[in-house]
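A, B, C and D are the chain letters, set down in written order, and residue numbers restart from 1 in every chain.
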Amino acid sequence: MIQLQKGVPLIDQHDENGYWGGKFGGNQIAESLNHPIEELENEFKKLRQDDTFIKERDYYFKNFIGAPTPFIKLENLTKHLGGAQIYCKLVSKATGGAHKAYNAVVHSLICRRLGKTYIGGDTGAGYAGKMLSMAAAKFNLKCKIFMGAKDIERQSINVFSMRSYGADIVPVNSGSQTLVDAVSECMRWWTSENEDAHMCVGSTVGPTIFVKICAWSTAQISREMKKQVIDEFGEVPRDMKLINCVGGGSSAAGFWNEWIDYDNVELIGVEAGGPEGSKKHAAPLTNDSPLGVLHGATQYVIQDNDGEIEETESISAGLDYPGVSPLHCFLKEAGRARYTSATDEEAIEAFQLVSKNEGFVSPSLEPSHAFAEAIKIAPTLSKDTIIVVDSCGDSAKDSKIIAERLGYKT
Amino acid sequence: MIQLQKGVPLIDQHDENGYWGGKFGGNQIAESLNHPIEELENEFKKLRQDDTFIKERDYYFKNFIGAPTPFIKLENLTKHLGGAQIYCKLVSKATGGAHKAYNAVVHSLICRRLGKTYIGGDTGAGYAGKMLSMAAAKFNLKCKIFMGAKDIERQSINVFSMRSYGADIVPVNSGSQTLVDAVSECMRWWTSENEDAHMCVGSTVGPTIFVKICAWSTAQISREMKKQVIDEFGEVPRDMKLINCVGGGSSAAGFWNEWIDYDNVELIGVEAGGPEGSKKHAAPLTNDSPLGVLHGATQYVIQDNDGEIEETESISAGLDYPGVSPLHCFLKEAGRARYTSATDEEAIEAFQLVSKNEGFVSPSLEPSHAFAEAIKIAPTLSKDTIIVVDSCGDSAKDSKIIAERLGYKT
Amino acid sequence: MSSETLYKSFVNAEKENRAALLTYTVGGDPNKSISLEIFREIAKSGVDIIECGLGHGANIGDGGAIQDSTYRALSGGIKTDDVFDIIKDFKDESEIDVIIMTYQNKIMSYGEEKFLEKCRESQVSGIICVDWPWPLNLKFSDKCKKNSITFIQLLCPTTNEERLNKILNDAHDVVYYISMLSTTGQKLKVSSNEIIERFQLIKKLSPEKKCIIGFGITADTINDFKKTDACVVGSALCREISNSIDKELNPAINVGSMVRHLKDNLNS
Amino acid sequence: MSSETLYKSFVNAEKENRAALLTYTVGGDPNKSISLEIFREIAKSGVDIIECGLGHGANIGDGGAIQDSTYRALSGGIKTDDVFDIIKDFKDESEIDVIIMTYQNKIMSYGEEKFLEKCRESQVSGIICVDWPWPLNLKFSDKCKKNSITFIQLLCPTTNEERLNKILNDAHDVVYYISMLSTTGQKLKVSSNEIIERFQLIKKLSPEKKCIIGFGITADTINDFKKTDACVVGSALCREISNSIDKELNPAINVGSMVRHLKDNLNS
């Protein structure tokens, strides 16, 4: 069995070829991308050690993204479910409404350091694109966002934001017209433009360096939460469970980062189970999908016998991705995290229950999947168990979808 | 001329009948409301002095609303305009996306203290209603929101939120079907239900006690900003201008509260000028509207010769109100603040300029009016002048309106 | 002088051992001439005193029926002067007292002095102002007195005894008791007995003042109040006007017969 | 053995003092039989070596024309085995070498060993894998060698000299130079001279290896490369297939005549 190393950051536990556990990740890219990726690797290695850069990052995290985001107890939900105590890390209060802001800011800062003035990125739910264009506006970078035509349709509020920040949105009409195709198209674009342009991958997927930068950025979540947990409990609780939705896996990676070495902290990842009865789950870890290569990295991928990526279906655009971060493949294989899934229906129900009970927490459909799992397990657990759910997205972007689904009349 | 008293909170500078400057405000209410208003006055008087209550308020302000909201320099906009230095208080980062959260939390806490389990409120842009239903969900209160049918249509994202928090939304079909009618209907409801129910007025309007509670709540904005200003500049800048949009006036009242006694701080309120060429401005202060009684208080009101409230028209639902807070009438009359207006077109342009330049600041249409004024005056001012704009709302709720207006294709 | 005739109308009813009947309709609803016709019909049908609404758009004290009437009048272009015209025309041919019921902003924007002058000219006997509570209304109430117009103070179930005493102390010789906490035209949510108890308290504190009872009274409940000074029916009549218009019937005739019906019920 | 015949094809062209011509089309586009027919026509039209795409949906190295071809093949139900069938059928009647161009996931999901066995069975001479760069591909490239299949390493303008040397050192006797930074089928954005300069550098470092030049070459530019070892045209042909289908013409015939035209241009 694959072993985790204690005391080594998760993002650095790969081998010299960029593989975690000897097989997840890597740089399965066209030769044309070798150079810009090496350049990026070198820059990131330098910047991680650069105090000025870290200060700059922290300045924007604090003043622009608004760190730390709140850590609150969900009293009503806890009472309602009558078991474990449920807490919530309200990451949706990061500027823009989701954790994607951290990665976007870091990539924009790196882009400037690389002396590049153009940045491009993929987006599914539109958050990665919204945040990237938001940061690009602030840092005076030209910005191009690749987004599946289906996602443009269903996440129109985020599309509006991108336009208002002056980003150039490229609708991707190939394949399933969702995130997987947007990432492909973005990589094609970068293959052509990498001399002048930087690319931001919107989650902990893609070639190793992108996985690393993204998880390094979202690690802010657990860095600040660790302090909040200790403030609240005086110590790390004896029995704590951290529940996070997993699409690409950037939110979960950041939420868990500081806790990997704490064996008493259970890590639970929730993938998208899709509509009840559908087979088009976006849940490669839960359903033991075969290993494959997607977007430059080896990972578990939803695919047919012929290596063709299969279409997935989820009410949540942000989780609608057939692959999953090498980091999570690694954590699963090492037995460190457990992965499960929630259906569309369960997610919607969880959204309702949480909103009605807790007001201030209004999770988007992605974290509603995480809440669904919390709601499932909390009643079976003791009051000494602490569940923390990462509410990593705000429901505003999903208002149309949810309202239709629930038959709200206006 | 009316004089301000130094060292006395603005909200307490009224006479025993509730009139500021001897003529603005008051309790021009039906006799049926006399009792609940007295009850509320007494409760508020007590709670203001009650340390437990203040601690509770601050706990929720910090952990739920997310105080303090960021105070940031708009470097790009400053450079672009080439004059005064422009700063921004990013109040839109308050949970829910606007300053209305402060008032909603305070009213919900008061409602509990009053032993009532039902709360009702009016809403225009939908923020006041969204925040009230959000807080009501958290505090286990039944909640009813009155909203003009026209506003329900144009602010559907906030309507979605209210429904998800379990609020009962009452569409108001009378009159102009906007905020003015929603407030009227809410007061009618409270007239019937005040034995069991508490009412929250969504801005610094209505009978004196509502003006006071609201401004007391939003004062959090300037309380935290004062610290941030001194952190940034080491002292209160010699020449500082605070620009805020004014609908009912709650945001401006809160933004200015701590600065009233600083004569070197200019206070500028920006009302809604409506579409270019339209006469239906929602700008009673700018256009010297006559004094009148509206929703229980004496104030400048847009009205015809017969005392009938005139319809106003603004692209921004939150500013579309024919009256204005007695506090602002008082500040105007005392010469302490100056009031002007921006047109729909100017607001939209300001929205674009700010979004494209600053990314993280994505003002809704209300604060876009304030930015319009900043954009107008900044180039004529010296670099030693500090302009601070209160960006008190997030654009998400206006995405439909702005996208249509700017012809964004998705 | 009109404040005197107003009081006398109550005394007259009392002498006949019955409560006085007041009607409320909105001046100018649905237009100037029909509104006048309605007053005439009401007058013919046995009313004691007519309350004439001077409609205001932001009528936060009123429920749906009166809102509809108000909306019809205002959107038909009725101005304050038109309402005075209607009252004057009516008064020129009738002895029945007319009270104006309105909101403060209507008086304020018209100008208090000018408003009272106009009231005198049109022989208005009294004024009820929904959103001008005691003690804020004292200056104006004094001015009314000087103009021989009764300013009618409002009382309600939650007006505590201390306040009740003070208001009654400052009140002219007619007051108005709001029967329940609500806007006009809601279903009566307290028992008639409770209302009458409060009425009796007011009478005990101030036996000389005539007290009108209003809000929520219909043909079905009016008889409960026959031992009081007076009751007013408004929303039921306004609704009748709306119905008549919907059915293209003559509102004046229908309102008139409803008033006769009310009068019968009150006294039966 | 096929890796030998492949190298010989280049040597043969060299002997004739000309660059070898390679074509790229997607196996199974638009279906199995026409795809085979296309290969036959290409063979008749003077091609030296055929590159056959084993299409992959997430073909991140390819531009629009090849994406369209791939989409047509995949949505027509073409599987990896079908592509092997086509190649085998073709090879059973032709001496012309066939190289498979594909993505790593296609090989991985098929199974490396099984994939190579199938290659041998179908007489595939070489493999190009777009997203399997040096040095990650070394183990597989060794396996290829053991199976007498040429694994063709890729080089590009930003492959620096150190890396160039290392790759060439590990490379089999044929390599592929990607002429510019882009996906397939984009307009040539560097001058032919720059490309030829890089080509010559590669030849200097490794004179024995044959180097194919690809990406962005069309009938208009192909003549510039007549002094090189070989060039490949792909997107232009895929586009021709799309056009023919749109116009309901025979793609095989049209591709064939385009290949003749390319061959003429290359050698003129």
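Just so it is clear, a contact is a pair of C-beta atoms (placed from the backbone, for glycine too) under 8 Å apart; a residue touches a chain by one contact, two chains touch by 3 or more.
Predicted model only: the values in this text are computed from it and were never measured.
Between subunit B and subunit C, the least number of touch steps comes to 1. Ranking all chains by how far their C-alpha centres lie from the centre of subunit B, first place goes to D. Chain centres here are Cα averages; for subunit A and subunit B they lie 35 Å apart.
Each chain gets one centre point, the mean of its Cα atoms, and the points for subunit B and subunit D are 67 Å apart. Multi-chain contact residues of subunit B (touching two or more other chains) are absent. Shown for subunit C are the residues that touch two or more other chains, of which there are none. Chain contact topology: the protein chains form an open path, each linked only to its neighbours in the line.
Chain pairs that touch one another, listed by label: A-B, A-D, B-C. Listing the residues of subunit B that touch subunit A in their complex gives 62-64, 66, 69-72, 76, 90, 93, 95-97, 133-140, 152-153, 156-157, 159-161, 163-166, 351-352, 355-360, 362, 395-397, 399-400, 402-403, 406, 408, 410. Those residues of subunit C that touch subunit B in the shared complex are 56-63, 67, 71, 74, 79-80, 103-110, 130-136, 154-160, 163, 178, 181-183, 186.
Interface residues of subunit B, counted against subunit C in their complex, comprise 17, 26-32, 34-36, 174-175, 180, 184, 187-188, 191-195, 290-296, 301, 303, 305-309.
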